[in-house]
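You will see two complexes here that share chain A, one where it goes with chain B and one where it goes with chain C.
Then we have the complex of A and B:
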């Protein structure tokens, strides 16, 4: 998809208690190679008045961020401090270079837009012309209805001769109109990579994120190839998709449980009925406590067992 | 029969579930649908595409792989769309890391220098009525968005709160520049002069998303509603520590209680005086012995179970505790909104982080939250006719926005007063036009 290889580890920004990705290349890379989808939480600048298609930044669950850190694919950056320190340390040269870069991009964007507008204008003109020609042909045809053969030949000819001349005239005006090179578009970049360095300073990297006790189940399902997304809106902890959620519906409503946890039968019934009602399986699972983690006792993803509940019609 | 049961689940029945609109934002949509929208026309005209077809599960066909990679490519393209600002109508804001300050005297005109002497001494106070959390100023506020956002200072600059600035930057309507003091120029801390260096989206999130009480959950709710066209403002409960201003005006409660003392009322009072209700139910029937001239009397005597009246003026309990506090006032797009004198909000929203608060709020938390909202009795003409609508609307209401890692669910909580709906007083006709409660989509 993108030609540039991704530099690892990918910096994940920790801001206001959440984990964000701002680079589109990182987002597509992680989605393609590591089945990490996150939740798009930003506004798409091209259609800002809707909630169906959202844009950058991508918000990652702590589980997702933790998983990527454990795989060595990503690291966590204390973005607030990194930004402040990094921007304050900018030298005059950096600033000038950055501004020049942005100016070049802005000029490019401006050229693109003016040429696109020109194309659009041309297209519109051509449409108007075609309409006019069609109307004229119709009129001519109606006038010379008895002499049909002669009329079509007659009406065809002016249209044919008219078009090239007009097209020639528009192309000449087109070549005269240049993109106004003096003016450039203002640009709001998505990432701070230039001017700030890609890899964060060690002083601003953070330890792996704290994760809820459901993490072993999350890691287990992820390792099995499922794509997971937050599921509270659907009455569960995670939604498990068999493939990329762009193309597939989810198969399981996932709820984590402790190894020795006593399950409320009502919760099982409610979950089972809910899952069946939306044509999904209700999946419950957890890990045996084998490993003591700094965040507390945590099971290995390998020791996770899962059960799915389905309402059977008998 | 389990079978019919299940069929009922799968097949939407005629009444209720037929009304459930498919909420496209519920699930991930195929970004290829997005490319159907022509970006050449202006964005506001673009219609949202229909939901795309999805496959059941992955299979090793090349066809499926192609479709998936096309979807991903479309997503990549859509997300890499740049935020560009045409120089003619670009709106530039400047980040002020220390909050609202007066412009430096060098840039001001000669005439204003005389009044400049005071502001320089105490910059944050002289700025006027700008919110202290505001951190971006815009010198050329030419956008419709400023009708519902920002506060002007004495120098005709508009100051934006962090969430407003971040939202505008994110939608590509605002270009925020770093101040000179933050990008390595050797200047003092308080200088907020424009450095011409634009802030990236990443830098803006870092600077604003945790500023002045904002957090990523609140911002998710804010932008989500703003994108849909609602006007969203901060409510008094925004600051976790701050004591909430008494929004508990005893406005409508008075005239509700003083009702129905017509001629019939006098008569019934007279009858009550004639045969006083016996309070002793241990001896004899609950309805009491004596004359019963109407069923209403009997029923009212039978209603011995106390019930909660939301309109009663209780002595205020404990104040609402975070996170169960109203943090946003929301106005429908149709509500005329004036920044200087905002009307009463259409909705009040409390924001809850589902990861930090995993259980449903307790009765006392909810009670305190509802008590912090003004009385909103079901008084419209339509509701006076329909019992179920009255019950559903309730006497106080608040919306909980539960945010689970960026996915927001909205729950409306209202205080229904079943005790106030005396069914025995209803005419039989009133029940003919039955109102079926619409199931909420989310």
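Then we have the complex of A and C:
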């Protein structure tokens, strides 16, 4: 199933200091085409403790958001202001139309659900009938010698009874939908761009996100084809995967350092040992400063040098 | 009551003191040279030689790597010293290289042992990426080895392997430069443990150990 081509730039919602994506199409597109995975962060509104499987929205690291903006794939939207301005600009007619649309969608969803329930019920009834028929056939077989005609008649029986029941059930479903007490399902769209415009107004777009000094290393590894994810679980800055994290184990525990930052050797040994313990390499790197006076400037991803550390086993 | 005499120094302590203490003036020339290899280098060298049975050990002095920085015109007070030697068995095999060997039925024991560089450090020292990069730029890539071991039926395959390794080195398919980081424990009780870590230039995928 090929969905509509994604319109670029994709708006990234900036809310309370974090970067979010609300559109599932954008999420799959960025993962497939740009190696950006982010972290799913949505829980069920009623059961926020259920956090084993999370859903939309997708939360992006500032580095990921910055990278996408620099590639021209995305832009940052001040979501609170965009929503406020968008809702104010919405005419009363449009609003009513949108509400009607939502209601229609809810009714459609309800119809699908009830018809599925109907089908399941029919399935169950048919099974019961088939079982009854089989039992009857067995009984008949015990009474007299079983013949082929009897067996086929037995198997035909449920099929014959099936048709009227289905016809009956479909009529009941229809009547249910048009019934005055019939409820429509509440629809909560993940995105707000059917009523609001997809491309944000220039007044609500924000400059590229501020990023930590490890950004050049992040961009360097990303350009090398690695998928990067936050590294808290392994006590490092990023985890670098050689492919999609769903298919590969990560290769590196990544830690960034400034070119002239004083590194305690113990950190190198600890990282190397930890990495080897979990079958990964410990990777330390940073952007090279050729001159000492450009220490304050963030280096280019092309000038990044990295070193991998592993336990020598001796 | 017995009079206590200090214990006689260990072989290692004797070695290190003999190297680092000032020598009489007639050997001043030799002394100034050995002053540049402080006790640390000799401690690691001693450990490599006697604990890990390395052979043909050498000490190398690196040119000051910090010469590129404009403000740091003064000579580095701690010039970097490297040790090189040949380990008794192969220390590191890149995972892809391992696969290559496996496919051709070669074993690591069939290969010539390679000279490896060791960077002696001590716990508590601080390093920077700039210094580390300087070290990596300062020593040569492992020299190529010629087939001089008669291993019978495997000679052709070994030759093929060495030829491919040349290519792999150029493309860094099997990793770039690598060295062994040796760290001596002198704090925390100072039991003189030496730990070794393989450090490689660039992102080199980990071994499947």
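Everything below uses one rule, namely that the second predicted complex is superposed on the first by the 238 of 314 C-alpha atoms of A that agree within 3 Å, B and C clash if a C-alpha of one lies under 4 Å from a C-alpha of the other, contacts with A are read in each partner's own complex, and residues count from 1 in each chain.
Note that a residue touches a chain if its C-beta (ideal position, glycine included) is under 8 Å from a C-beta of that chain, and two chains touch if they have at least 3 such contacts.
What you see is a predicted model; the values in this text were computed from it and never measured.
**Q** Please determine, from the superposition on chain A, whether chain B and chain C clash or fit.
**A** With chain A aligned, chain B clears chain C, so fit.
**Q** Who does A:69 touch here: chain B (first), chain C (second), both, or neither?
**A** The answer is neither, since A:69 touches no partner chain.
**Q** Could you tell me if A:22 is touching chain B, chain C, both of them or neither one (first, second, both, neither)?
**A** A:22 contacts chain B only, not chain C.
**Q** Would you check which partner chain A:87 touches, where first means chain B only, second means chain C only, and both and neither mean what they say?
**A** first
**Q** Just to be sure I read the superposition right, which of the two partners does A:276 touch: chain B = first, chain C = second, or both, or neither?
**A** Once the two structures are laid over each other on A, A:276 reaches both partners.
**Q** Could you tell me if A:311 is touching chain B, chain C, both of them or neither one (first, second, both, neither)?
**A** Both partners.
**Q** For A:259, decide between first (touching chain B), second (touching chain C), both and neither.
**A** Second partner only, chain C.
**Q** Looking at A:285, would you say it contacts chain B, chain C, both, or neither? Reply first, second, both or neither.
**A** In the superposition, A:285 contacts chain C only.
**Q** Have a look at where A:251 lands relative to chain B and chain C in the superposition and call it first, second, both or neither.
**A** The answer is both, since A:251 touches chain B and chain C.
**Q** Tell me which touches more residues of chain A here: chain C or chain B.
**A** Touched residues of chain A are more numerous for B.
**Q** Quick check on the superposed pair: does A:242 touch chain B, chain C, both, or neither? Answer first, second, both or neither.
**A** Touch partners of A:242: chain B and chain C.
**Q** After overlaying the two complexes, what is the shortest C-alpha distance between chain B and chain C, in Å?
**A** For chain B and chain C in the superposition, the minimum C-alpha gap reads 9 Å.
**Q** Residues of chain A that sit at the chain B interface in one complex and at the chain C interface in the other, please.
**A** In the superposed arrangement, which is not itself an observed complex, chain A uses residues 242, 251, 276, 279, 311-314 for both chain B and chain C.
**Q** Within their complex, state which residues of chain C touch chain A.
**A** 52, 68-72, 91-92, 121-130, 132-133, 136, 180-181, 183, 195-209
**Q** For chain A, which residues are in contact with chain B within the complex?
**A** The touching residues are 1-2, 13, 15-18, 20, 22, 24, 27-28, 31-32, 37-53, 55-57, 59, 61-62, 79-80, 82-84, 87-92, 94-95, 98-99, 102, 105-106, 109-110, 113, 116, 120, 183-192, 212, 229-233, 242-251, 276-277, 279, 311-314.
**Q** How about chain A: which of its residues touch chain C in the complex?
**A** 221, 224, 226, 240, 242, 251-252, 257-266, 268-269, 272, 275-276, 279-281, 283-286, 288-293, 305-314
**Q** Can you list the residues on chain B that touch chain A in the complex?
**A** Interface residues on chain B, with respect to chain A: 2-3, 5-6, 9-10, 24-31, 34, 37, 39-40, 43-44, 46, 48-49, 54-58, 64, 67-69, 71-73, 75-76, 78-87, 90, 92, 167, 169-173, 175-176, 178, 182-184, 195-203, 205-207, 209-210, 214-216, 219-220, 223-224, 227-229, 354-355, 402, 404-409, 442.
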